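Okay, so here's the structure we're looking at.
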């Protein structure tokens, strides 16, 4: 009788554990596909040989422009340069009508976060790849994952569900920023990164 | 993981930190006409939502607020001045910082600016109770703008949600912008002209002077030492970094906050 | 009807009568919960608090009930640590009251903060210098302790006893009680103190500010002692009320007298310290700020009388009455005096919370007042109703007063 | 095992899963996520980010025409600020100007024409099509056989103003109405002082030694922002300008002034004459000129300014005004004294008299002007100087400007209210009494349904600030002529109507083709700028560089146009006429000035010591703007329109409570007010702030307080006797 109860007890535990560790991570994130497939690799590899700063530019007042506007694409893609379907899509849907591409940004920080690319890239001379690891050589764009509750991108948050203990560089969380700051001996205060 | 270890910092900045500064303000109350430009400029710059109809002068949000203060004498001996009151950026055991249970407010070591982080705040309002200058404001309502007006919000400042405390932070985002500008030009130190809070920039009579108190040859450090400059509640020992100046004796007497004084000034 | 739940040998009112008693309180509870719903959904604009009066009725409520709830830890301390077995008679009731007060306080706090969903940040990113952090940690922990102390009472319920495993669990718990009592006492000492510290550290509010001993302002210690002093009095008061309402003798008179004696002893000690502290505040603290105490008692209604009432009328007098009268005086008078003690504590907490905020700090400030909105009051009554209901059910179905049976037999 | 699942088993199952749950990420993750959710509530707006750029324009929300630097994210203005070293605004911007970019989204903004329905006192606005609205207006005009067609222009002398005048000239019964007061100098008063020249008067305050101000806000809203801010800025200097404020309340300017003279309400004119009396008797004025011009009288009255002034000895005025005799004498001497006894004429700085136009009757204003003449302040550097007017961009026959006060009663049939914010406030009653008795039609071209527009029958909204192009002529009171243009930053909604199109459409329908000849505004600006360019005088400020150059260095009017349309500004530095021509002015104190009896009456009139006096008080536009609700409540700077300030001792006598509500009663009616105790108000006086009534941001109230003020036919609103009791 009693062990029958025990069985039930552990059954319940097992079921919930399985759900929590296996199913839950998939339930909580919502995948969002990119409007068109873009290959960083094609643009950065030797035959085109673009550098990051060729497209991801700065204003003279130090603002980072982020993902380039369609103008930038047009400047090269006025007429097809390749044969990929996505390039054709680019021409048809965006360049010709002159619409902006509704990119989904993987590393989209929430509104309350301030980050200056200028100080990190120009002043500290940090290589883009240091934080956007491997981005420059991706051949296609995987879907972005956003939390269904908070709307945070998984690339910010880190993939591990419990961000404790915080493992650096698994994402772009506060912990990741500050652990690097500490390593570099950067004195930081809350308002340095929160607006 | 791998790339994390292999981070290379071949930056032009040999020193990782910014030069220590202590930003402060000197407000000449003899020059304040009470026009309200600073209040509006601040509200616009910092995305302060318009007060809902139910709001009172004690539930609205005015990171800078102008008090009319008089010498307490009857007509016609009455004399009055306007006192723009904003966060006084206390340097020494800052009342609000010491009481916050979850570090939602901190004194920035490098600039001396007291920064409030609304997203960390749980809205217990202990800091409001602790602040002797009433320079902290609670978001009693959800911030709402008339239809379409949200288009005019300043992208450099994030609107606060209901239920958190906010305050003046000397338009810190303007310092950030100035730093980015300097960085692009390969400089570390900002050009002082690039960093002026919205209220100071807006004052038509230039009653407010802003700058680095540590910088010996800045106008403000000279003004702050002026004999006619004083600070409010100076003897509470919190070392505020906002100075007021006036040539009028009765105004200067406000520095020594003896409440039993016969001529009790009125707000 | 529910007789199978009522402990053997205890006589309780018929179920219908009980229902009639419960009904109005439930009604209050419902109104309160609506008010709470409003505040949580609409935000704190539902209250009359504002940027000048950022703390209001609710904080006063928290401080008060936690002070009165101190009976729990202090009786526990006397019983389990000092082995004063006379207090077995009231310990259960004290625990229930403590549980009610603390859970009530935390409930109100959750309504009071603007962002309840982020309240747990205090545990994750604590500011160790903040008295409020200390309070939050201690109160939550102590509530857990109280829950554990409360558990055996429930498990002793006639119906639950039938489950053997629970009975064993209860027995084990009971053996651990002294440890919990010890932990509880320790925690209580801290948060009662921290609650005082909450205001004592406010350098920006010279009226509340007190210089410190070690890292704690004097109010830290004053709050501990005053709470300890009022706890027993509140137990006297409640026990007496319950026996009046239930028309049953619950504890022997000597227990009352003993409680009274202890309360008195602590109170006189408190009054002494409070006076010394006040004088120090007037002669040293304020002058160092170039302020004079009188300034704070100029603005009505908070005249100098409030200081007198706090220290003499509701402090010294009841203390003396207890000290010299606990043996001779009639029970009624003792209860009345206990009430005085409780009023004294409430007044002290009121001065700390409300008067501190009402008084100006800037030289050109005005004296401010605020009147709570109905939502605030309804939430207040919610807690009271909640307390009464918990207690009523505990009293009906659990064995709160061991002496009740023998007393009702003879 | 035989029997199946019991209730206890189920409990065990639940218990087990409960324990298990704690060991999964679920509770902790959800806790964390909900916290983050609370930091990013979907209903808290997120500002749009984008490329930041700056544009320049000129603010036309009041006639002060300040330069505005517009910070845009992509194409959306997100904030406004002054343009550093702008010649007119001096780099400043007022409270309303700083919030100007919010106005296109103001809740009382109209995005399409409306018809206003009034049934039993309730106002309801019904959206109608552009065509309906315009035809309705033309209907009204065509049907108006008797009665005139009038346009009220809040800011005269703009290009559009000339368009209006041209259009009205085409009609048989067109009247062009301008606000009664021009920065303290009534238009026709200027005429009488300066003769029939195309000139207006400006205050050269920067070069003044002492300003004797009768209730004029010379330190917080007078002339131009640049002008008065500069004076305040230089308050702490040795050779600074001195301000003596004569006012019954401790106003902002009184607070900042070097000397505050709290006269009894209504005795200002007498006080001025007492000063004149001292100047004359102590020979402190040009006795020679005075004798030659103002002693021979052929107007039979046998009176002169001299014996007018004679009647007001300091002694006699002292007790009626409450200012001691020697104080009066002191001030008089102060006005003419010079730094250093041997002040050479070159270094000689005059003193001038300014007066808050709105609250004084015309006769009182003449007395003040007389004092200016006596002080030799007119036509001299540092005094009241005549300015050249800007060229007419349109040519041809134009309707004359008629000050509102000169419009005959019961004459207006159709009134078109131009949207421009007037620098001066006047009560609706003033307009109302001008209408023909039977069914007049009022059309508002204002982009907002607020202020006097609330009285309109048809609302044909024009584009709002930052959406429409406009030009800013010389600000009232500015010392010299200036011109700048306001270029649109935002596209105007398709559904709003340009005022020019309105008059075009009407003139087409009424076959008075005058309207159709009018070129588009841009062309009018061009004409004007060409004419200015041809004059080859003055200076040009370039907003993009922040530099000022001589106009002569500009090579083409096209270049000038370009600079001006980018927030630039042209301004003159020379006076309209040489001061030598102003000797004749003294005759104004004698021969040319008839009816000293009237002046005598004006100066003699006082409201007696019994009873209360109602003092309407309007601060500068930034303070009393219809749409200026941003700082309401959030700051105790601003007196909301329905607030009555009163001295505590008076209030206590009347059993009024601070913050309580009360009713003000005058001969003209009653008004409900909120009582505010203020020791800066003279005992026995009630100060009512003129401005929008405090409501939320959503509604702006109508300034009804003026309605209860005495409306005399020669001025806008006047101090008047009043009662107040608790409501």
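Should a chain be cited, it is by its letter among A, B, C and D, assigned in written order, with residues numbered from 1 in that chain.
Just so we're on the same page, contacts are C-beta pairs under 8 Å (C-beta built on N, C-alpha and C of every residue); 3 or more make two chains touch, one makes a residue touch a chain.
Bear in mind that the values here come from a model prediction, so they are computed numbers and not experimental data.
When every chain is represented by the mean of its C-alpha atoms, the one lying closest to the mean of all protein C-alpha atoms is B. Across the two interfaces under comparison, B-D and C-D, the one joined by more C-beta contacts turns out to be B-D.
Chain centres here are Cα averages; for chain A and chain D they lie 54 Å apart. With centres taken as mean Cα positions, chain D sits 32 Å from chain B. Chain centres here are Cα means. That of chain C falls 61 Å from that of chain D. Counting only residues that touch two or more partner chains, chain D has 34, 37-39, 46-47. Each of residues 59, 61, 63, 111-112 in chain A touches at least two other chains.
Listed for chain C are residues 115, 118, 121, each touching two or more other chains.
Chain pairs that touch, as defined above: A-B, A-D, B-C, B-D, C-D. Contact residues of chain B toward chain A in the complex are 1, 3-4, 7-13, 16-17, 103-110, 113, 115-120, 156-159, 169, 172-173, 176-177, 179-184, 186, 188. By the touch rule above, chain B contacts chain D in their complex via residues 28, 30-31, 33-37, 39-41, 43-45, 47-48, 50-57, 60-62, 65-68, 70, 73-76, 78-82, 119, 142-143, 145-155, 157-162, 198, 201-206, 247, 266.
Residues of chain D that touch chain B in their complex: 38-39, 41, 43-50, 73, 76-82, 89-96, 98-99, 101-102, 104-107, 219-221, 225, 229, 232-233, 235-236, 250, 252, 255-256, 260, 262, 620, 622-623, 629-638, 647, 649, 679-683, 695-699.
Within the complex formed with chain A, the chain D residues making contact are 1, 5, 8-10, 12-21, 23-26, 28-30, 32-34, 36-37, 39-40, 46-47, 51-52. For chain D in complex with chain C, the residues that touch the partner chain are 31, 34-35, 37-39.
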